[in-house]
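The two complexes that follow have chain A in common; it is paired with chain B in the first and with chain C in the second.
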Partner chain A sequence: MITAALYFGYGAISLSLLLCLYRVVVGPDLPDRIMALDTLYINGIGLLVLVGISLNDSVYFEAALLIAMMGFVGTVAWCKHIIRGTIID
Partner chain B sequence: MILDTILSLAIVIGAVFVLIGSIGLVRLGDVYSRLHGPTKSTTLGMGGHLLASVLHFSRAGELSLHELLVTGFLFLTAPVSAHMLAKAALHLRVRSVTAAPSPDDAESFPETAADAQRDA
Partner chain C sequence: MTLALVALLPLFGAALPVWLGRAGRDRAAWYAASVAVGALVLLVRQAGPVWEGSVVRASWAWVPAIGWNASFMLDGLGLMFASLILGIGALIVLYARNYLPTTDNLGRFYTYLLLFMGAMVGVVLADNLLMLVVFWELTSISSFLLIGYTTSAPEGREGARMALAVTGAGGLALLAGAIVLGNIAGTYELSEILASRELVLASPLATTAMVLILLGAFTKSAQFPFHFWLPHAMAAPTPVSAYLHSATMVKAGVFLLARMSPVFAGTEAWLWWVGGAGLATITLAAYWALFKHDLKGLLAYSTISHLGLITLLFGIGSPLAAVAGVFHILNHCAFKAALFMTAGIVDHEAGTRDIRLLGGLRRTMPVTATLAVIAAAAMAGVPPLNGFLSKEILFEEALHVQAAGVPGFVIPAIVVFAALLSVTYSIRFARDTFFGAEPESFPGHPHEPPRGLRLPVEILVVVCIAVGLMPGLISEPMVLTAAAAVSPEPLPSYHIALWHGLNEPLLMSVIALLGGAALYSMRGALVKAHRAALPRIAAKALYERGLAAVFAMSAGFTRALQNGSLQRYVAFLLGTAVVLGASPFLREGLPGLGPNRTPFDTPSFVAWTLLVVTALGTAIFHRRRLIALALLSTVGLVVTLGFVHFSAPDLALTQISVEVVTIVLILMALHLLPERTPAESSGSRRGRDIVLAALAGVGVTGITWAVLTRPLQTIADYYLANSVPGGGGHNVVNVILVDFRGFDTYGEITVLGIAGLGIYALVDGLGVGHLFPDRSELQDEDQHPLILGVIARLILPFALLVSVFLFLRGHNAPGGGFIAALVTSVALIVQYVAFGVGWTHRRLPRDFHPMIGAGLLIAGFTGLGSLWFGAPFLTSSFGHFHLPVVGDFELATASLFDLGVYFAVIGAVMLTLSNLAKLGMREALLAKARQHAAQETSEIDAQQALEDASFDYGEEV
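Moving on, here comes the complex of A and B:
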């Protein structure tokens, strides 16, 4: 039963990754693309968590935590760059 | 068996919420409404997945809580990044599907809590 649920999760998250990719490519504005990249990395964390469950290996959490932190810093840096023109002032 | 059922349900519900968030990202009309999908639905779906993994790695006997770190981090950072994105979109004056009400047309503004207090 867990195997079936994991396959369903893989399918759903892969579809969401494709939808986010569509929004990254089509835009139309810069905040749209940043938001789509933000969602893309969150979906990547979800996929890593599912891989960790199915391989029964908890090392994938370190990767998930790192992606969460780096992705957040990246989003905030992009937004600061749009609002202020500089990132650290 | 019961644990398997709960785990599978958490995975499936989480995946459905993540998918709904991404569909919202594609289907909604402008930046300001598109912010709702990823920030709420996708974050909640990720909470479901991390709950499933807490259950799965606690099955050996000892409680495994370091997945909650990722959950807490995502739940803390999602509103902050949404706020920054909305500020960036307002700064760039991104087009909205609804026009802003004109300042002369007081009727078109929704009633605020302060108005209700004054009327009472």
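Moving on, here comes the complex of A and C:
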């Protein structure tokens, strides 16, 4: 059962990654790309958690944790850039 | 040790006069004189064994791997030269004190002089060929400073530059020669090289080494055709000329000839090169000296001529020639230094050195005139003065030279002719200055000079007379000891004497003296003939043309390589890498893929697709910077996932943290740059770049693929096996960083700190002038959104917790100081983004410089701590401890080192970031001020408005 769920998860995340890729490349605007980038980070986290479950290894969860934090900060920086032009003011 | 001190005392003592000069010139002079005399005393106390024919040595290993030892030796030759250098140096100190204008406190002068003195003593006492070259270069540099001492005089600067260029070029040749000779002999120790004459001469490279070394000697001693720099160096103050150009620097060249004589003298090549250069120099320089109107110019050419004579003697290479050469060095020092000082006195008192304006000075300065006449007579070789004695031996030896293909009378004839010219210019120096009719007026008021100015001349003239009258008593022991060190064969029993009976040399002397006097009486006709018949050999013009050509060539070369185009540099770099990287495969064929293949799985395939597409996209969209950055972020994410996939969690954690910091920094920089890069390259150039980039990319991909698919024995196994027993940590990556390769890491954090400081220095006060995008009307009024603020406050403690966790466990599981520092930095960055600089700076240190320093100090002291326990720098130690509540735990000094890394990284990242923020805010304020000024259409200028806005970002809320 868990194996099937994992395979389904891998498939869904792979599809999602490709769709995000489309948005990042095509846009059309910067906010679209930022949203796609943020979603890519979330998909990356999902992928790592799935791998962690399949391999029963906690190191993957830590990497996922850090990606979550860093992804958030990255997105914040992008958004601040859009609304204020500068990040730190 | 004492032997090394003889050279080191003046060198290190040179630091003091600059300070002493401020307290008065007399104090500086007394100090400089006591250094010279002190070194002389040290030397003499060492000299005991030398008189009995042995050599005193002192040696320390310096760079033993290349045979470079700090070794000194004292033999007869070195003793004689060192005594001359220090003795005449002390006289020059006295002379300069009275000669140089009282407005000059002399501190700088004595510093240069002592530096030069130490370097010269180093040259003559060095026992290691490389040491000799180092001291040799030091003499070039310090003489440059001395010749250009009067910095306000353009001739002085030009003369100094020319001297440095010529002697410096010679120094390079000498270095090459020293290395060749050292390789032949298998050692750089002079005392060993001098003992292995057969070995050196048997080598096919012997002539190469000899010619290179001779180039060094000839340029230094101003031998034809490198003679031209010496007359121009006469722009130096007279004490400098008297010291450098009579007794010391130019003598370094003949010293080198003497030093190398035991190895090369007597060979055909040596005779032709050295003897030839000597003969040409003697005659030409003596001839030119006849027509110089400047007293010092005349002395300069006569010096060149006498150096030619000494060169010729060493070229002849027989034992007696060595005696004559050494003897003449001694004599020439005495009379030429005296003559230079006399010329200085005349200049000082009469106000000019131009012979045409001088005359009859014996009436106003009779004592100086007497001294000058005696010294000039010694230069002319008049018996019973010292110059006569050495010239007699020269004549004797010239009669016996055997050179293949040269008739026997030629060399003696040339020598006699040169001696004849020497008599003529000596008479000219003495008679035209001190005798004859007195001109109607002098530029100055000639009178006898002060005591201190004349005393050194008196001492030297007394030496000239005493040596001439009692050579056996005064100079013979030293000359014979020195000559024994020069001559390749043992010296026959010989006595220097005034009277050798009626023989050919005496006849030659008589011819030279009478002929010289006759030539002087016909000088009017001679000058006419000279003007009419002989073209001027413009060595200086040739030198200048050569110099201009060298400059033009190097400028052209620089322009061709470094034209300011970054594309070109990268193209050169990549092109070289592609050619060098591909060449072995073109020869050996492609290796193909190895047996190890990873099985296919969909998520990996999708991830690699993402990587390839976004990497290509970054290149395609590179002119639209924000889009390119978004695509680059995706690349970074996939690389992070890739590291996880390949079981490199440390790298993944580092990569993702670096990724975010990079994005933040680039976004901040983009604020100051246009959104689009303009296209500047032509189509063909872009085509070239695409081809190059594709080749390089395909090459690297291919090599990586080939390596990854085959089993490989790497150094990794060693680290895996030794990480726990050697470093006490299970996280091999961290143990490598802080332990095995700790020294590299130490270097890297230093570089990181320097980079942070460099950015600080570059950004400080930088004006960009534009902001991009200029969102003055687009801007959201809400500077610091509330939701962001709340989340940022929540994030900080959690992020710091993660950071501490990553740091503490770093030694045994993925983490460590570097990653922890990045996580902390990111948490701090979030506070800046959410609340602005003002709010954050009231709660955080505003200045991150000390943090970089603290990090480096912690790391450095941790490394030094191991020295305390007698282990090498950065040796780590670890142990297991037990505490009642906590239980068993491990402590490693490497963690302390890691703490240093942690602080240094935070300091560098935050320093860079806060300075970019400062730059952006400054620009924003300027923009606002500009806008303000435009709206008000007032006269207020933008800069003024900025000042009114009382720019202090720290206080701004």
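The rule we apply is simple: the second predicted complex is superposed on the first by the 89 of 89 C-alpha atoms of A that agree within 3 Å, B and C clash if a C-alpha of one lies under 4 Å from a C-alpha of the other, contacts with A are read in each partner's own complex, and residues count from 1 in each chain.
Keep this in mind: a contact is a pair of C-beta atoms (placed from the backbone, for glycine too) under 8 Å apart; a residue touches a chain by one contact, two chains touch by 3 or more.
If you're wondering where the values come from, they're calculated on a predicted model, not measured in any experiment.
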item: Touching partner for A:Arg33 - first (chain B), second (chain C), both, neither; value: second
item: First (chain B), second (chain C), both or neither touched by A:Ile42; value: first
item: Chain B versus chain C as contact partner of A:Arg23, first or second or both or neither; value: first
item: Doubly contacted chain A residues - partners chain C and chain B; value: 11, 13, 17, 30, 34, 65, 69, 72, 76, 78, 80, 83
item: Parts of chain B lying in touch with chain A, wherever the complex brings them together; value: 4-5, 7-9, 11-12, 14-16, 18-19, 21-23, 25-26, 31, 34-35, 37-38, 42-43, 45-46, 49-50, 52-53, 56-57, 64, 66-67, 69-70, 73-74, 77, 80-81, 84-85, 87-89, 91-92, 94
item: Contacting residues of chain A [partner chain B, same complex]; value: 1-2, 4-6, 8-9, 11-13, 15-17, 19-20, 22-23, 29-32, 34-36, 38-39, 42-43, 45-46, 49-50, 52-53, 56, 58, 61, 64-65, 68-69, 72, 75-76, 78-80, 82-83
item: Chain C residues within the chain A interface of the complex; value: 601-603, 605-607, 609-610, 613-614, 617, 626-627, 630-631, 633-634, 637, 640-641, 644-645, 649, 652-653, 656-657, 659-660, 663-664, 667-668, 670-671, 771-775, 778-780, 782-783, 788, 795, 799, 802, 813-814, 823, 826, 829-830, 832-834, 836-837, 913, 917, 920-921, 924
item: Chain C-facing residues of chain A, complex; value: 10-11, 13-14, 17-18, 21, 24-25, 27, 30, 33-34, 37, 40-41, 44, 47-48, 51, 59-60, 62-63, 65-67, 69-74, 76-78, 80-81, 83-89
